[in-house]
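Notes for the one structure printed next.
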């Protein structure tokens, strides 16, 4: 049933190759699409290591990932709903850059960002919403315009299509052709994949196509649109990955201090990013006690479904 | 974790109660949302038996279900992309009614219908698309208007929101509170559920809430929005239900002849609908040989996922 | 009809011609009936990397593991690449990511406009047909589409009674003018030949005759003065291997029987 | 602070007040931090049939089976009623199916407009805050929303520097005029009291004082001449059972510690 190997080229490459090839300087990158879960930290750190410049970051809330990329001087522009540290508050690199006006910010709400991506996903130039009317998001977001509904005459907010160059999506498991299973809250992941020109999948586990095709409803986007597949165990740490590991709250709390001053951040980047070259390095840095502490202790296994005939 | 039984009222009622209570005459009903699969034939037949009148039927392609409801004189208006018999062509009751002008028809494409429902699902008054421009759908569908994109100046088709009174959704399994698992191609099911004022679930199997909550990504719409849950084994026959039974091609082929004249249809309705009062009657009519022939012979079981912590 | 070794039917010939319109690696929006078999045939011969998109909410890059009559049959869902929403696939289409689709019709005109809705006056129709389904969307939004239909004079009319699926409207420039983003019909595979469109005028032209069919016969069955291409070709008969595959996909001859 | 039997913290009092804003059976868009605990408390006491909607793509009608710090923690996904897209839940909100939500803020003004984006001039801001997230959507589209924030004079300003989440704009009629479909803030739970809105003028009024707080103290910490309701009440202290529950939800006191 599944493809003979000679018919299809593998898309599996290393993380450094994937970032080098599909995230050139000046790219517009959507990341952190599931919001608090499945944030592709490993891929973001590789961008910092490769000294990417002038990126546009797109995402609803990125937790601390966008703050790290701003700290790494990779970012020219941010199109987001919220940038900070979910459980501690401000993201200090972001705050410094915004206050010093070294980055450009397009202020979205989570709904306007979702609708901008959905417009691109659907192949239309805008989406209508009823949010943000009367707000000052209009002053700091040129992707919003008021419009009149052609049927009711009501005032609506039109959100212009947002078409990222690349989506970076962390998943639980993928085959080497880019067909990937994701479970948990999906956030804006589905529209982000459909809206983007190319897609990089970073996966906790690389599995055979038979595993993936056993459940085609669990696939997040069709593999034919994926450009690269990267094996990245613990690639979303410290954010949680359903089925794999819990959220590492301590890391988020520690990052608050680590990002408070440019000097502290430089030190953090040297230790946590620049000194790390692959997932083995990262796991060694974390240590077994910590990874054990984050592992799932209670298991709830999905009821089976039959896709036979 | 799951609700204590005293906290929640069951929504499980009989098919006849569900149709009597939630599908009054004059209702707008969306059905057949997965297109060729999971069509709620049992629910449609109950509407015929209860002699519903002046219904508005909404659906992309209904295979032969809408034709049967037209034959049963339940229908005043149809808002659909296509009405017929997928593998044989015309639906003769629909054709007669249209040619005699006894029903009103709003001609959609599958995309315009999907967008009309999605507009209602999203709580906005229209959705923009690029389809149907220059077509004559505009002549026979007042839910379409051309509009100009506020950003690009391009011409678009605006589709007015479609808000059904009730969605009737056939599923593989549901708990008695309306949390239901669906798998297979989804068609327009998700937006139809979110767009509708009330929802009737007809289910092959009623299961405990623990089965459903073992896989919350498989849930089609949140149970708090569901009004009634009906146990309806073989309730989508002759359409196929993934995990349960194959498509009964012979029934569709036979229906072609059975609907060719009003007399033939009256006879068909007397035998196949009016003489049937519950799923036991229907199964007896089908016969064991037939149901055995439609049963799944090859099984493909989904890979498990862990929702633990 | 007969090849050197084997009999074939007119549907066999049309399906084979349809398959040849598909290039390897293309994304095809697969329609009902003969086009579905044409996609399976292309996939199993010269286009192994073609991807099939089905409007029910199915993407698959393999042929169904067992013969099917229609795209919603369970074997076509089994081990699909993706099972999703119709709107997701319509999004791919509307973005311009679908290379080609196939559409049947009851009436077509010289600019490739298709009617599957009303024959006669809308207000007082002679015949009501099933309607668009996804056809209007495929014709509006795909990079190109191929029409498959019976070649009879009452079906090949100067102007369709109702445009269900837009072709080139009233000629060159029309699609852009009404706001359609791209596309248009690239071929019409009929029971008598294959027609293509003049790139300048967008008018239909006879491009290929099926075996045993004459130009006069085609002209007599076309309701306007049909242009004939300078290099008129002869539709190749299905090869033995192709017929063997088609018999595997449609073993009872439901779609390809005589 | 102390009830008869037990010490409680200011966050305990605010969470308890937040919980009391939720009626049984309501659909609540659950925000981060104190509001999340408020929802859990309401759900476990007087509102067992409340449904929680979380913008990450979670609907659940039960409290997470283990203490969590934030809505994306895995226990909050486990045995949820629905895991879906953010847009699905925003659709429920935009349709008007969400009864209430809770929003924090850095600046609020007399008409309940909230700022969580820029303090100072947009072109040359003094302070950049994280931004809207879903807050603008909740304030725009819910049937009502409740604001929770620290009560300081620099936060309670006559006019916010930037409207992230619209309240009543510049007063009665404003929301309809700009096109918002419904809603507006119904209460502001602060570190000093609870404020509500005059139904005619949409202006904020002091409605309840927390234990030990005086009217003068509230007025001194509000940047405009705040009106005081005719029937000023005293915010009830958390009951022992409520405190016990809150200690279960936040055992380390991350959110509710002193």
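Here the chain labels run A, B, C and D in written order, and each chain numbers its own residues starting at 1.
We adopt the following convention: a contact is a pair of C-beta atoms (placed from the backbone, for glycine too) under 8 Å apart; a residue touches a chain by one contact, two chains touch by 3 or more.
Quick caveat, the model's predicted, so the values are computed rather than measured.
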Hop distance check: subunit C to subunit D, minimum number of steps through touching chains? 2
Pair with more cross-chain C-beta pairs in contact, given A-C and B-C: B-C
Relative to subunit D, chain with the most remote C-alpha centre: C
Subunit A to subunit C, mean C-alpha position gap in Å, rounds to 40
Go ahead and note the Å separation of the Cα centroids belonging to subunit A and subunit D. 28
Distance between the centres, which are taken as Cα means, of subunit B and subunit A, whole angstrom: 36
Note: subunit B residues in touch with at least two other chains are 122-124, 129-130, 154, 156, 183-184, 186, 190, 213-214, 217, 242, 246, 296, 298, 300, 307-309
Two or more other chains are touched by the subunit D residues 65, 73-74, 77-79, 83-84, 87, 90, 93-94, 141, 181
Chain pairs in mutual contact under the definition given at the outset: A-B, A-C, A-D, B-C, B-D
Complex contacts: residues of subunit B adjacent to subunit C: 34-37, 60-61, 80-84, 86-87, 89-91, 94-95, 98-99, 101, 105, 107-112, 114-115, 118, 129-137, 139-140, 146, 154-156, 183-191, 239-240, 242, 246-247, 249, 296, 298, 300
Okay, in this complex, where on subunit D does subunit A touch? 32, 54-58, 65, 69-74, 77-79, 83-87, 90, 93-94, 117-118, 122, 124-137, 140-141, 162-166, 169, 174-175, 178-181, 254
Per the touch rule, the subunit C residues reaching subunit A in their complex are 27, 48-49, 51, 59, 61-62, 65-66, 73-75, 77-84, 87-88, 90-97, 141, 181
Given the complex with subunit C, which residues does subunit A contribute to the contact? 1-3, 7-8, 120-124, 179, 190, 194, 210, 213-214, 216-217, 219, 221-225, 307-309
Subunit A to subunit B touching residues, read off their complex: 122-130, 145, 147, 149-152, 154, 156, 158, 160-161, 172, 181, 183-184, 186, 211-215, 217-218, 242-243, 246, 296-309
